[in-house]
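Shared between the two complexes below is subunit A, which has subunit B as its partner in the first and subunit C in the second.
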Partner chain A sequence: MVFIYGSLVLLAFVTLYPFWNALAISFNAGFDTAKGGVTFWPRVFSLENYKVVLQDQRLLDAFFVTAARTAVGTAGTTFFTAMFAYALSKRGLVGKKFYMIVCLITMYFSGGLIPSYLLIRELHLMNTFWVMVVPNLISVWNMIIFRTFFLQLPDGLEESAKIDGSNNFGIFFKIVLPVSGPVLATLALFTGVWHWNSWFDASIYITNQKLLPIQTLLSNIINSNLTADTAKFLKQTTVSMLDQQKAVTYKSLLMTTMVVSTIPILAVYPFVQKYFAKGVLVGSLKE
Partner chain B sequence: MWKRFAQQWEFQVMAIPAIIFIIVFSYIPMWGFLMAFQNYDIFRGFANSSWVGMKHFDMFFGAPEFWQIMRNTIVISLLKLLIGFPAPIILALMLNEVRNRVFKRFVQTVSYIPHFISLVVATGLLISLLAVDHGNFNDLMLKWNLIEEPVNWLSTPSYFWTILVSLGVWKEIGFGAIVYLAAIAGVDPHLYEAAQIDGAGRFKQVFAITLPCIAPIIIIFLILSVSNILNIGFEEILLLTNRGANAVVKDVSEVIDTYVYRVGIQNQRYSYAVAVGVFKSVVSVMLLVIANAAARKFGKSSLW
Partner chain C sequence: MQKVKLKSPILWVALILLMVTVLAGCNSGKENKVSESKPAATTPASSSQAGPSQSSPDNGPVSTDGSFKEPLEMSWFVVYDWVTITPWGEDLSTKWIKDNKNVQINWVAANGAAEQNFNNMVVSNSLPDVLTMDRGANIEKLVNANMLAPLDPYLDKYPNLKKWLGDDALNMLRSADGKLYQFPNWYTGAGELGGNGGWMIQTKVYKELGSPKLETFEDLEQYLKLIKEKYPDMVPLDVQEKFTSFPIIYSGFGENKTFANVDKFFFFQDGDKLRPIFDDPALKKALLYASQLFRNKLITQDAFTQTYDQYMEKVKAGKAAVVVSADAFNQGAEGSKAGRLVDTEPLYKAIWPIHDPGVDASKVKPDPKYRTGWNSTVITKNAKDPEKLFAFMDWFTSPDGQRIRFDGPPGVLWDEIGADGVVIQNNKYTEEEKSNLKLTSDFNWVANGNYFGEIDIKTKMKIDEKARPWDAWSTLAQKEVYGKTSFDATQFEGIFPAPDTDEGIADQRVKDIMSELIAKAVFAKSDEAVEQLYEKAKADAIEAGIGKVVAFKEAKWKENLAKMNK
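So, the complex of A and B:
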């Protein structure tokens, strides 16, 4: 028993410590962080890191791109996928079996990195905002979860609307979507978290620095390692600040950016928590 | 049929664009495997590029780095399977023994935070903790006199696999445990009562009841992870090795996926990269078939 409790406490500590440490460093003056040894609490408290991060145009642009792709991508994917799933939940839909097979095969086979890359190129999506949104508009996985939910809806639900003279689009919008609240929220949250965290697609499809989402920009900064290289990722004013005040260094800035980029995820975490246990189970038990 | 189709045109309007979408973004790339047998030229396009048979496959099998890439892919895959697969099961079994509900909930909630954190931030935090220049980990090891001077952990080939596998466990252990916890919760409580009457201790109950009861779920997840075995943290490796540019650890970090990325995206040798990718797909399918056959033979559950 002691062993079990000990292991679990250790696990919780190892999980939380890196975040806690990043938070401490983000509130610590850069020159002091460079001396090492900052662990749980800031030693020389400073808000300079946040001032710099929240004023740096490059970083702000990147945050804006991420917010935009998350909003547009989540709304688009959830809507189109739900509508697709609704059609596939209808009894007697001509071609339903074929449609389902088309979907299921994609869960086991994919073209791989290079053919997808060349396709995006052929479609002239390179270096556009849409490359982060369009290829992900239909999620087969989410479609299956939506469809399972729609299949359970009572038939009577739609009958009343039909009598009122609504067509099937109207029924979908006015009746089906509103009663799908929890499923809609769960899948939208998942899609949103995925979009917020994505970095790889932008790293190969986007070269225009202004269009990079924050995660991709962050990965560039992390990978640039040397402080000298970092200069090119930051605006001139920021760089001169690095030299003069030393309240802000490469590391303190990086940690602060990571903290800021993680806050939205932690903000929705309680909701994710509440919904996802169910969502995950529905999905995995279907396997 | 056409009459029915006409009647349900609204539903067809909801379905057909999505199907076309899937065909464009998933099926067209699947045909891209044919490029492996071409000298694909972006200016001439797919239709006008010349056919070269197995040339790119021969080149890959004969490449000096072939055996190294295969070794890395296999070793990392096996390590991930041997350590990454049982870890969530052990966590679930441990959590199941905890009687204090608040503590259990706390550990569980904390344990799946990393799943939702971006990989970029996760690797960023790791790189910062392992930094040579006063990284917390080096400071701690120095303090405990376990090392003489700061070690550049991420640029030491012999530590790379350990770090990579640990990162994977750290990120996914809690999320992976959820399914097993649910399965454990579904075990008939009468079985435990009967075992207690027979005098089985808690430890024995785990092996005699809990594990056999959740075995079908474990086997299904095992088959799935075997079929996914070659998809081994491609993004983690890119992020930990500066997009494959860290030459010091390249001998241990280059796997099939990173190789495809490097020769395909960075060096634009498209046909060659596709050939390497096709080789990987063939091996994956073979592994899935073997794993499924093995599961059928030794147990009751299988995917098909």
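So, the complex of A and C:
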């Protein structure tokens, strides 16, 4: 028993510590962090990092883009995937097997990066906001989960609605969706977190600096200073020599941006938790 | 009938897959034809546009000072993951260029996937107007695919590049078809080579131990042993992350041996021949020496596991007594910065490279430098008016242009230029205000290393004597040591085989064998073990084809020599 608790505590610590460390560094003045050794608590407390990060226009733009993308993307994906799954769960659908096989194929195989790039280009989605939303509107994995759930719904629900004269759309919106609360919430959470964290698609398709999501920006910050210190000649102007005692250095900026880009999505979890606990088993059993 | 019905969805899917594959095949053929015809279509268009300005009615330059009557806009992609982009116009320097020269550069972001993005652009024929990238395979790829605009027609109309680079370095940059496509970046041409790598010592500890003689490898070993005894908390010798600076140790065991021999050349010069690196006695000596030091804990024990951040933390905290680094030029300055207001002298001092007693100290040259700079800027055929772009770059590489980048625009920190070419600081701003100005950013990809070298020294010598040892650390270190111990490797420019050829594959294998050898040898428990590893690596390299790799590089080297002496 002690062993179980012990190893769980250890696991929790190992998972939490890096984030806690980042939090501590983000509250620590940059020039002090550079000396190394900041672990649990900031040595030289400073809010300077947050001031810089929260006032930087690029970061604020990126925040807005990520938030918009998460909102629109999650709503869109959940809605369209649910509709698709509902249609596929209807027994009388013509070509049902065909659709399923095609979906399964796309789940396992993909064209690769270059064909995707060419496709996006031909669709004129390059360098627009929609390239972050449209290609992800249907998630086959989630669609299958939805479908399994819809198959479990009793026929009586829909038949009674049909008798009252409702068409398919009416049934979907008025009856099926409200009942699917847990599934919708769980999958919305997964999609939302995915959108919040995704950076690669934006890094390939978007060159407009104002349209980058925050994770791509964070990846740029990480990449930019790793070799900038050793890049020849680049920092030898008289002005750059003057940043001796700056409270904000590359590392402190990095940690602060990381904390700031993680906190919002962390804050969403408590609200969706009750659905999450219920919803995890959704789609696993078919009665 | 029933059998057919059962199979029919699968049959359908199979049929459709077949159709899709066939269509994809046709389309990719079409795509190629389309993309091939596109450059063909654009070349007549661009040449007809370039026509009037090339064989222009007035035949004169479109711009003599980098300014243009109509706004000039260009998209510029610097193909590295680590580039930080500051949007044009957001700092004072680029704003000045925008307002006074009517030029706007739209940076294309790499977003951490530079190579990926580059490949995507090449495949879909959507390259931006200008690219800055490493020399070698990628640029040759573009040249062969006819995607770059040659710069020859503009060389005489716009004199700055030719003037500051020099003809022999210029010829080195020419591609296989004899045309010039590359505008070098950080070239030094006929001027001072510069130099970045070498050795430095922590001065406080050195003084306390009585400033012993530190010239040969034996001296070094004694000193490190002393450090280990008297200062057990310190790291005696630090060697960068992943022991990157091992080749600098190697270079001290002979004359004119650059660290590139071990790093990417895999040969050493023996008279006028090039021989495989494993035949070089200096390599074995260096491995034995490094292994002994590491065994006796005189080299930091986390040499192979430390990251760049961890290594720099030690340097900045003064924890390393001796540091050998390929970028001591920047790292020494960085390490000494923190103590600027408290120390009596900078924390680090550059020293002459440590060498073997029998070797002539003046011929130890660890750092390879290329007169042609470290990368190139090219203009693609997607640019509407390559001549205008070249005209701008030519102005930018001239002293007038470079001054904007290094000192900021006129009217901010300076108003006039002194007789010696150095700007006269107008002292309008305090130090505090200066550091809050968004004076300049990293936008210089046609840098004139010559001009920088000449002016930088003069500027740094004008710094107040008290601040000079710190603020001019790099310049002084280069002037006294690193600049004198760099090796002119221009003749070895571009000798590498393409990665998908036999020689290229063998080259990569030899590289892997070398890295493995260094790591294993350093961790070896005895000298005999090192010898064994060395012999095995030598045999492995021969089997992997080091002979043909060196022969290939030697042939290219001879070509280069002929080019330069033309």
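Following the convention adopted for this analysis, the second predicted complex is superposed on the first by the 236 of 287 C-alpha atoms of A that agree within 3 Å, B and C clash if a C-alpha of one lies under 4 Å from a C-alpha of the other, contacts with A are read in each partner's own complex, and residues count from 1 in each chain.
The rule is short, and it goes like this: a residue touches a chain if its C-beta (ideal position, glycine included) is under 8 Å from a C-beta of that chain, and two chains touch if they have at least 3 such contacts.
As the structure is a prediction and not an experimental result, all values here were calculated from the model.
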{"item": "Touched partner set for A:Ala202, first subunit B, second subunit C, both or neither", "value": "second"}
{"item": "Which superposed partner A:Phe19 touches (first subunit B, second subunit C, both, neither)", "value": "first"}
{"item": "More subunit A residues in contact - subunit B or subunit C", "value": "B"}
{"item": "Which superposed partner A:Leu212 touches (first subunit B, second subunit C, both, neither)", "value": "second"}
{"item": "Partner chain in contact with A:Gly36 - subunit B first, subunit C second, else both or neither", "value": "both"}
{"item": "Partner chain(s) touched by A:Gln152 [first = subunit B, second = subunit C, both, neither]", "value": "neither"}
{"item": "Subunit B versus subunit C as contact partner of A:Phe169, first or second or both or neither", "value": "first"}
{"item": "Touched partner set for A:Asn223, first subunit B, second subunit C, both or neither", "value": "both"}
{"item": "Subunit B and subunit C footprints on subunit A, overlapping residues", "value": "34-36, 95, 102, 113-114, 117-118, 121, 199-200, 204, 216, 219, 222-223, 225, 251"}
{"item": "Subunit A-touching residues of subunit B, taken from the complex the two chains share", "value": "1, 4-5, 8, 10-12, 14-15, 18-19, 21-33, 35, 42, 91, 94-95, 97-98, 103, 106-107, 109-111, 113-114, 116-121, 123-129, 131, 133-136, 139, 170, 173-174, 178-179, 182, 220, 224, 235, 238-239, 242-243, 245, 257, 260-261, 264-265, 270, 273-274, 277-278, 281"}
{"item": "Subunit C partner contacts - residues on subunit A that touch it in the complex", "value": "31, 34-36, 95, 97-98, 101-102, 105, 113-114, 117-118, 121, 199-200, 202-204, 206-207, 209, 212, 216, 219-220, 222-239, 241-244, 246, 251"}
{"item": "Subunit C to subunit A touching residues, read off their complex", "value": "9-10, 12-13, 31, 81-85, 87, 107-109, 111-113, 116-117, 119-120, 123-124, 126, 186, 196, 308-310, 312-313, 316-317, 327, 329-331, 334, 337-338, 340-341, 374, 406-408, 413, 431, 434-435, 437, 439-440, 442, 447, 449, 452, 456, 459, 463, 471, 474-475"}
{"item": "Residues of subunit A defined as touching subunit B within the complex", "value": "1, 4-5, 7-9, 11-12, 14-16, 18-19, 21-22, 25, 34-37, 39, 80-81, 83-84, 86-88, 90, 92-95, 99, 102-103, 106, 109-119, 121, 135, 137-138, 140, 167-169, 172, 193, 196-200, 204, 215-216, 218-219, 222-223, 225, 251, 254-255, 258, 261-262, 265-266, 269, 272-273, 277, 280-281, 284, 287"}
